[in-house]
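Below, each structure is written out as structure tokens.
Note that subunit A is present in both complexes that follow, paired respectively with subunit B and with subunit C.
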Partner chain A sequence: MSNLFDLLVAGLATGAIYALVAVGFTLLWQTSQTINFAQGEFVMLPAFLMLAAMHAGAPFWLAIILGILLSMILLGLAFKMLLVDPMMRHGVLPLAIATMALAIGIKEAVKQFFSAEASPFPPIVPTGDISILGHAVSLQSIGVLAVAILAVLGLTTLLNRTSLGHQMQAAAQNPTVARIIGVPVERMILLTFLINAFLVALASLLITPIYLAKFSSGEVLGQAAFIAAIVGGFNQVRGAIAGGLLIGVLDNLAAAYVSTQYRAAVPMIFLIAVILFRPQGLLGRAEERTV
Partner chain B sequence: MKSTLLAGALLAFATATSVHAQAIKLADVAELSGGGATVGTNWKNGIDLAIEEINAKGGVLGRKLEVTHADSQSNPGVARAQVQKALDAEPYVLLGPGYSGSVKVTAPLAAEAGIAQIMGGEAAELTQGGNKFLFRTSFGQQSSMPKVAKYIHDEMKAKTVAVVWVNNDFGRGGRDVVVKELDRLGSKVVADLSTEAGQADFAADVGKIKAANPDAVFVYLNEEESARILKELKRQGVTAPLMGETTLIGQKVIELAGDAANGARGHVGLTTDAPVDLIKGFREKFSKKYNYVPDHNGLKGYLAVYMVKATTEKMGKVDPKKFADTLHGLTIKAADEPGILMDVTFSDTGDIDRQSFLVEVVEGKQVVKQVLPKVK
Partner chain C sequence: MSGFAKPLKIALGLAVIAALIVVPMNFNRYGLFILSQWAVMSIAAMGLNLTLGYAGQVSLAQGAFVGIGAYAAAIMTTHGWPLPAAILVAIMLSFAVGWVLGYPALRVQHHYLAFVTLAFSTLAFLVFRNESWLTGGIYGISNIPRPNIFGIATNKPLPFYYVCLGSLAIVSLAVWWLIRSPWGRAFMALRENPLRAQSLGIDTRRYTLMAFAIGSALGGVAGALYAPLTQYIDPVPFNLSLSLDLLMMVIVGGAGFYFGPFLGAMIAVLLPEWLRFTEGYYLMLYAVAVMLLLIWSPTGILGILDRYMAARRTKAASALRAVAKSRLETVQ
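Coming up: the complex of A and B.
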């Protein structure tokens, strides 16, 4: 039982990070029909930007700020203007393939400029335990979970409770009508790209101390988050959050109670089941687009 | 006058050709780029250092050593092609590769050519296939794992052990031997966990270890995964002592795992931190020449060349066909050949017997706690 509790906490902590990345998938899909297959690499890169800042002499807190800002410029602004905008007019598939190429490019560039070997990354939450219901739970897991929940709450508040959020929803649901009523659609789309870049930078900050900074570490994350987004519902932010948490917990439980060798297959089987029996995802709605 | 000059030139050319022909040619195929670049570069530098030393002292039986280096790109397919190319040039001995997978695919080529191959691979199976031309420079798993199991049983007094291993040839080979030995000694394996190469999340695996509550944990993963599991073990508060091999307590693992590596112990066949004067001397020479501290692969490359020297001097002639036969069963003493660094005996299968070390990570540094003697 104690083991189950530990597994659930660890699964939720990992799942919360998947959720952050999966939310980005849904945001980009809703506003610009972009399926970003480089999303995993988007999580890997900010850690290296922060490491580069630290190597240049910046303290950790400053490196975090610089890393997040640079991520928003490179993975938000530049990604949209240099890759998505020129490719979008050719359709979803060429754009998806272009993001695959981008993923390879980012990985190789990191390998070239940093190293093929893993690097350590300092944790933002101190190591140590606290007792919850008589169980020792690591501060790191709690910290990861707390930061991820705060980020998601902040995002949902922005989307549902502010005028800006409503404009973003309008731009996603029906850009033509949104334009007619005066919503600056292009700016709203750019905003979702910037939010996605912020979320992946945050995920990078949370996951890299555990996974280590390595050029290939985005592969697993990107895949898990993609599955999470589909399982939860590609057209709902809350679906992506639920999907992320579910995949994180499922992965850990599968590794513990099914088989460590087949752990990677369990989320995939779950994904197939969802596609067969509920193609819109667990919380998604058929033929509807909202952010 | 013209004819005298011509005769002189011809004589000079003939002499140069003869000196060149007299050099003993070695061929090295190593991981000089790709994932194994650290391994291959250390190995190559070790070779070059040994050759420089030997040639400075007059060579082997009065003949200089020459080596050609080829890059396997850490890829078994490329390694095979490079070894074939190297063998076509009819070297005296083939050196390398360092990766077990590359050794596995190249060993039949060297055996077919009748050329001895001195390599860096450690997978148990390499020397179990009856290849009469293959020689190790370090322990194979069948030599190191019994020492590990004995230490877990005798020194750690562990009655129950959790074994975590990486699901590839390297991990499975080590796991099979250690589980068999632990069973023979009477320590019970209460958790037997396979993990994947490149695995990032070890929460579930560590959860299982925690649930099994073992007296000791044996960790046999690659360096990066070792660092990740060490962090997770610390995160989940596992306090059972940790035992492993070079891959658990290497410098890279310590760098990646930070505090979490402290207290981990490992059996190390070769380490430049060994309390052996000749190894300290090697470390100093290597560091001076290359401006960095070598890892055990630098030692392996260095030893490979001195194995060639000692065996050739034992034969009293340069005979590639008899080289392997001579090295089988040979004991080389460091007192007779200081370049071999520690007394070593080669078995009929090409495996080695040599003293080894028990290392513990203390405050982020490897500390040799015990010298484990030769088995025979």
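Coming up: the complex of A and C.
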């Protein structure tokens, strides 16, 4: 029983990180029909930017700020202007392939300019356990969950409570009408790319202390976020959050109760089932685009 | 204009074929391996081009079918069966599995279909890795024999390269015939406007499944050649990235163009090798090259050619019109 509790907590913590990545993924899809196959690499890169800043002598807090800023410039601004903008009007597939190439490029660049080995990364939450309801729970998991929940709450408040958020939703739902009523659609799309870059940098900061910084670590993460986004509902922010948590928990339970060999199969079978029987996702609405 | 264009095209085609036969004769072992790999990947990409480029069904599972074909060939030939029999089994097996994988395509389309096939690809990889009684698990299957074709042993790289090239030729002819047959036209109708295709009496259900099954079967053929080419297989080459690579080949070459897969496979297999002199940077440069190409022409390499030809035809047509108009005016 205590085993199950531990698994749930650990699953929720990884799931919260998946959720952050999946939310960014769905935001890009909604505003610009970008299926970002490099999303996992987007999570991998900021940790290396922060490590590079630390190697250059910056203290940890400064490295974090620099890392987040740099990823917003590289993975937000540059990604949109250099790759997405020229390709957006040519349909989903060529852009998706271009992001696959981008994923290879980022991976190889990190391998070449940084290291092919896994590097340790300092934790932002102190390590150790605290006792909750008689169970020892790692502070790491709690910290990760807390930061992820705060980020998601912040984002949903931004989207639902502010004029900026309403403009973003309008730009995603119906760009033409949004433009007519004076929403700066282009700027709103850019904003979602910046938000995505911020979210992946945050996810990077949370997950790298647990799994180490490695050039290839984006593959698994990208796929998990991908599945989370679809399972939850490709067109819903809260769907992506639910999907992320669900996949995190499912993955941990499968590892413990199914078999370590086929643990990766469980989310996949779940994904196939969801797509076949509820293609709009568990929380999604059918063929309607909303933020 | 088309009067001399056709003999020119045929001459060009013959020259390329002759070059593919003659030039590699003094290649070293590694060069022949890479070229054989190009032939094998072209076959797999041609299959995906049928499914995606002609019938418009996105599949991220072609790598899994290459794996199915490779394991079928490896298991059978190491147990003493001849390669042609193994290829036949690989075709039937991938055809059947591809047919089943086509069923989701009847329900969901586009990116959702891509995700279903992506999940299938991962599942297939897990089976290759975990069912060690059949596939040898992570240790794989080694000592895969190369065949004797008409009594000639193909153990050396050059004869086996000709086996791959010959298979590529046979598959190319079959695909050429297929896309010009009523089936090929039905596939294109499926891609362009499924609703209208159905109202014209095309059984869209059957053709969707068929597009998947035939495309997958070609993936199986490629796999059945891949196993004796490398003579050792393990699950790693057949993971998701092979499926993504094959998709990239089709798009980069030009989806829906007959020669697209040949060019795409050339870019994906040969370009990294040509860039090897840059050492650690070669895959990075490759990635940048692919992105630049897609920004320049989202319809791939043949898309550039296609646009150029279309522009030329328009120009020629308007020139003709101008001449005709001036003639009319002089008559009046």
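Everything below uses one rule, namely that the second predicted complex is superposed on the first by the 291 of 291 C-alpha atoms of A that agree within 3 Å, B and C clash if a C-alpha of one lies under 4 Å from a C-alpha of the other, contacts with A are read in each partner's own complex, and residues count from 1 in each chain.
Simple rule for what comes next: contacts are C-beta pairs under 8 Å (C-beta built on N, C-alpha and C of every residue); 3 or more make two chains touch, one makes a residue touch a chain.
Note that this is a predicted model, so its numbers are computed, not measured.
**Student:** Does the superposition put A:F60 against subunit B (first), subunit C (second), both, or neither?
**Tutor:** neither
**Student:** On the A-aligned overlay, A:V92 touches which partner chain: subunit B = first, subunit C = second, or both, or neither?
**Tutor:** second
**Student:** Let me test your reading of the model: by the given contact rule, A:Q261 touches which partner, first (subunit B), second (subunit C), both or neither?
**Tutor:** A:Q261: touches subunit B and subunit C.
**Student:** Regarding the shared-chain residue A:S138, is it in contact with subunit B (first), subunit C (second), both, or neither?
**Tutor:** The first partner, subunit B, only.
**Student:** Taking the contacts subunit A makes with subunit B in one complex and with subunit C in the other, which residues are shared?
**Tutor:** On subunit A, the residues that contact subunit B in one structure and subunit C in the other are 261, 264.
**Student:** Enumerate the contact residues on subunit C facing subunit A in the complex.
**Tutor:** So the residues of subunit C in touch with subunit A come to 58, 104, 107-108, 110-112, 115-116, 118-120, 122-123, 126, 129-130, 240, 244, 247-248, 251-252, 255, 280-281, 283-284, 286-288, 290-291, 294-295, 298-299.
**Student:** Taking the touch rule as given, give the residues of subunit A at its contact with subunit B in the complex, in rising order.
**Tutor:** Per the touch definition, subunit A meets subunit B at residues 2-3, 6-7, 10-11, 14, 116-120, 127, 129, 136, 138, 140-141, 209-212, 214, 216-217, 220, 251-256, 260-261, 263-264.
**Student:** What does subunit B use to touch subunit A in their complex?
**Tutor:** Residue positions touching the partner: 34-35, 37-38, 167, 193-196, 198, 200-201, 203-205, 207-208, 210-211, 224, 227-228, 231-232, 234-237, 252, 255-259.
**Student:** Which subunit A residues qualify as touching subunit C in the complex?
**Tutor:** Spelled out, the residues of subunit A in touch with subunit C are 35, 37, 83, 86-87, 90-95, 97-98, 100-102, 104-105, 108-109, 111-112, 223, 226-227, 230, 234, 261-262, 264-265, 268-269, 271-272, 275-276, 279.
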